[in-house]
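Each structure below is given as structure tokens.
In what follows, chain A forms one complex with chain B and a second complex with chain C.
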Partner chain A sequence: MKTSLPLRVAKFVVYAIILLIFVGPFWSIVMTAISGVSLKPGQLALLPQSPTFDNFKVAFLDMRVWRYLLNSMVVVSFGTIAQVVVSALAAYALARKKFRGAAIVSLLILSTLMLPEEVIAIPLYLVTIKQLPVIDTSIYNTYFAMILPVVGWAFSIFMLTEFMRAVPKELEEAARIDGANDWQVFGHVILPLIRPALGTVLIFGFIMIWDQYLLPLVVINDRDLETLPVALASLRSDPSITPNIIVAATLIAMAPSVIVYLLLQKHFNRGLMAGAVKG
Partner chain B sequence: MSDAKVEDPRANAQGRTPKRRRLSRKFGRSLVPWLYLLPALVIFSWFKFYPMVLGFVMSFYDIQFYAPSEWVGLANFSRAFHDTQLMVAIGHTALYVIAETFGAAIVAFFLAFALEGQARHIRFIRTAIFLPAITSVAIIAEIWRIFFNSAQYGLVNSFLDLLGIPAQGFLTDPDQALWVLILMSIWKNAPYNMVIFLAGLVSINRELYDAADVDGASLWRKIWHVTLPGIVPAISVVIMLSFIRGFRVFTEVYATTGGGPAGSTSTIMTHIYKVGFEQIDYGYASAVSFMLLAFTVALTLLHTKIKSKFFG
Partner chain C sequence: MGAVKLQNVCKSFGGHDVIKDVSIDINEGEFCVLIGPSGSGKSTLLRLIAGLEEATSGRVEIADRDVTDLPAKERDIAMVFQSYALYPQMSVRDNMSFALRLARRPKDEIARKIDDVAQMLGLEALLDRLPKELSGGQRQRVAMGRAIVRNPAVFLFDEPLSNLDAKLRSQVRGDIRDLHRKWQTTSVYVTHDQVEAMTMGEKIVVLRDGQVEQVGTPLELYDQPDCVFVASFIGSPAINMMQARVGAGGKTLVLAEAEVALPMPAGYDLRDDQDVLLGIRPEYLEAVTGHVDHALPATVHAVESTGSDTTVICNSPVGQVLIASKSRSDLAPQQKVFLRFTEGKEILFDKTTERRIVPAPRPVSSLADVR
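Up next is the complex of A and B:
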């Protein structure tokens, strides 16, 4: 079907407006970050003026963005991996085992989906300050305080449970007849079959942890341990820093989630649907 | 799943299963699921269940640092109803939630309508406009602070200048700040909603459009009578999720205005933060937190109920 010229022009205009609104702002951020002319607070460049990468250098080294980026990276990488491992183990028990108490456990875990983390911010802060039960140490002001609370996420347990349930019973039975033990069934049959779901859980875990703001805000009291999103606000309050450098720091902070999104986009859309339909 | 059935052939093949071993194996097998669950249960107990119980208990106390905490019964809860600052914050939160929810849903609907299809350039645009959705709230907040700078040369003010509109205060103007935040959230959340709507659009039976064409229906009537009813489930999901998430809005506000100027953007969560971490009144802050939790749970249950009505 050939569309008429006016319709094509109209479509083009609509696309242009959509891009201008949703992507245009990022354009001006990039242009400002690579401009060598220093701007007044709140001023942005629309075209690069004497292009340079100095702003990134100043932000990264002089403003110590490298340190905050490192903190964020430590938290997000350990946090995401631990979250996926813990969730996959729990999901395996919930999806493929029959045992007394299964219903109560999954109900308890599911109920935390309704619990906004913000609501328990104060007790969580007190929990990290006080000696944790069993291990008798305080994790306040350590990486652990930012990592451990985000390791338990009902969404990823729930998601993996659903996918593991869908693995045909016959595959597991065949492996068992071949002499596979429980652990081997988990590692060699179930996990490889739900790899797409693992990808989805990985990217959602990554973005969820990268997005954490209140948690690092309340459990960290040492500038050297601040994550990038929290540190950006303190950078901004320094009057000697020009907008060029702040936006350069902002771009550095954006990069990891954009890269992860572009790499795992396929998984992302599927997770979005699952999250929307299930809860 | 059915472990017993699976294990049997192997046991027979080995041809030996003394009674005691079978018993201990049975016990061992019932323990296995708990071993897989152990890490999750430990983490959830420490950082979800225990804090939740602690918060609940604290809400009945006047927590003091250098004196024993004092049981005050429901005083913290009744205090909330006389807290004018909280009432103002609830008002802001309600306005934020309603405007953001419907704004983002309407924008997302138009986005989905304009960007439906599998053509390469459309897929590219869809990917590109997802940028706000995957960027951290705190980072978006930094970006918006710069765009909506109140100076004459601020980006948005420069555009307004082109249109002959004088420079606005935006985040520094108590009358505008909340609306700028609402606009920011719409901008961030609309692409998210778009993806959900797109899935709804795909699920609409193509034959309905053909039938409408045969009947000579206009584009507008097709949208109203075919498209909209087809994505009602998607719309209900988007609206309810946005409501549930919106009531606990914190980072969006804290990282841009901190609740100011002159308290004009305070929300329930920024109020709780102020009471808890600045005035160190844990008891009262916990009580308000729990009221927010109860409200959120009620909304979630309502959502589940509505959903089961639509999805059967």
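Up next is the complex of A and C:
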């Protein structure tokens, strides 16, 4: 059946509005970033005026975005890897091991999802400035202060727990009879079977850590250690920097997330679907 | 190779007793079948031998070694699971060599063993495939191969044929039997299928509610069941059970509802009016159309023929009665018949305890008479 002309026009208009709402802001960010004409704070360009890539250069070198990018990279790479390792091990214990208080442990982990980070910001600060035992120093103002708090994340622990529960028990028993110990069962049987889920928590973890704002703000007091979200906010409050440079810096900050998502997109969607079906 | 010994083994899950004081001796090289209805604890017992469950009390021995507290990997056993439990991400070759690789055996030894076993089971062409690319029967063989390459002291099978179709099942049944004949490795096999148990087992252990009901060879269980449960569980079509009372000073068995008195089988010395259960296997009943003495009157309800076997289902005053025969039947439904008992094939059980009443051995007056 052919749709009538007015209906098609109406559809077109609706789609155009939706497109405008979603793509519009991004478009103007890109246009502003490549505009050679300085804009006042609060202004954004809709069309490029004397296009140039100088803004990126200024942001990257003069505003030292490279340094913040590096900091973010360090935190996100170590943080994500540590997070996935810890989550996988915790999930294995929760999914497969019988131990006293397993339900309580599970509930405690779950409860951390219910606490907004604003609530734990001050306790977190107090912990990081304390001389910690064993290492006998405080981790305040170090990469560790930004990495350690994100290593345990209830979301990825629960996601992996559910996937591990779905791995048939007989496989683990077969491996044990074949002579495998806990680590070998984990490495040879469980991990290879939950690879899609690992990919998913990897991406979620990456984005979660990349977007951390409050945590670095609270535990870092050194411009050289600031991550991109914190640095961008302080750039914005500096009146001498034009919006062109700030949005150029923002684009640089967005790039890694977009690249990671695009690279692992297939994985990401499949992982989500699998989780949804298994419920 | 090694014997398996269970001594007073108990297992309970959260206060619920699943295995109750079970003691079984499985000799070296023996093929032992654990059989019982679902919930009888047969799989739990196998898992206790495997070390996948810990016994609540009692002792498990494999090859004269106390393994009660040893983990599965130190018990020198191999197990074939009902679901086969092949590692999905590994090729057939990797599945079969997994145990050897974990044990860090030399590469050339692993390759040689895999090739030998693959050849024996006809798996050479499948070695590089993944389990998902195999049919049910092929997966089953890979699971067997994985167990065989280990050359363990004991093989454990947990209903390995239940996922196969009937034709493949009888073929694999034969394969397992042949392998056992060749390797003579002690094997413990769990099944709920009594045909499998009868055709494969050298020794059968019948379990009910976590307890051993009877241990014996297939024919011992068939001919001399210890109790009504074993008599009814073993044999297809099932044994006929009817209530009877001893009469005429212990000389007859009276089937009261049918007003029939059967002569007392030889060897039984029972008092008058004792209530018993009379068991008779379907093949020891014969349907005749004319009146005969000491026969149970009945009406044919249905005739089922598989070609080689015929089962006639009759309704009688003592309940439904099955007759099995190798010959074709010309009986028709609603036909009146008399059921004749083959002499000496009756099995009597005490009505209250449901245990078999053991007849005295046939009298042999002297050795000279036998000669």
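As a working rule, the second predicted complex is superposed on the first by the 255 of 279 C-alpha atoms of A that agree within 3 Å, B and C clash if a C-alpha of one lies under 4 Å from a C-alpha of the other, contacts with A are read in each partner's own complex, and residues count from 1 in each chain.
As a convention for this text, a contact is a pair of C-beta atoms (placed from the backbone, for glycine too) under 8 Å apart; a residue touches a chain by one contact, two chains touch by 3 or more.
Values in this document were obtained by computation on a predicted structure and should not be read as measured data.
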| item | value |
| --- | --- |
| Contacts of A:181 with chain B and chain C, given as first, second, both or neither | second |
| Chain B versus chain C as contact partner of A:47, first or second or both or neither | neither |
| Partner chain(s) touched by A:104 [first = chain B, second = chain C, both, neither] | neither |
| Partner chain in contact with A:168 - chain B first, chain C second, else both or neither | second |
| Chain B versus chain C as contact partner of A:5, first or second or both or neither | neither |
| Chain B versus chain C, judged by how many residues of chain A each one touches | B |
| Chain A residues contacted in one complex by chain B, in the other by chain C | 173, 176-177, 179 |
| Partner chain A, residues of chain B touching it in the complex | 1-3, 6-7, 9-10, 30, 32-34, 36-37, 39-41, 43-44, 46-52, 54-55, 58, 111, 114-115, 121, 125, 127-132, 134-139, 142-143, 145-147, 149-151, 153-155, 187, 191-192, 195-196, 199, 234, 237-238, 241, 248, 250-251, 254-255, 269, 272-273, 276-277, 282, 285-286, 289-290, 292-293, 296-297, 300, 304, 311 |
| Touching residues (chain side chain C, partner chain A) in the complex | 50-52, 71-73, 77-79, 81-83, 85-89, 98-99, 102-103, 146, 150 |
| Footprint of chain B on chain A - complex, ascending | 11, 14-15, 18-19, 21-23, 25-26, 28-29, 40-44, 85-87, 89-90, 92-94, 96-100, 102, 105, 108-109, 112-116, 118-127, 132-133, 148-149, 151-152, 157, 169, 172-173, 176-177, 179, 182, 186, 207, 210-211, 213-214, 217-218, 229-230, 232-233, 236, 243, 246-247, 250, 253-254, 257-258, 261-262, 265, 269, 272-273, 276-277, 279 |
| Contacting residues of chain A [partner chain C, same complex] | 168, 170-171, 173-181, 184, 188-189, 192-193 |
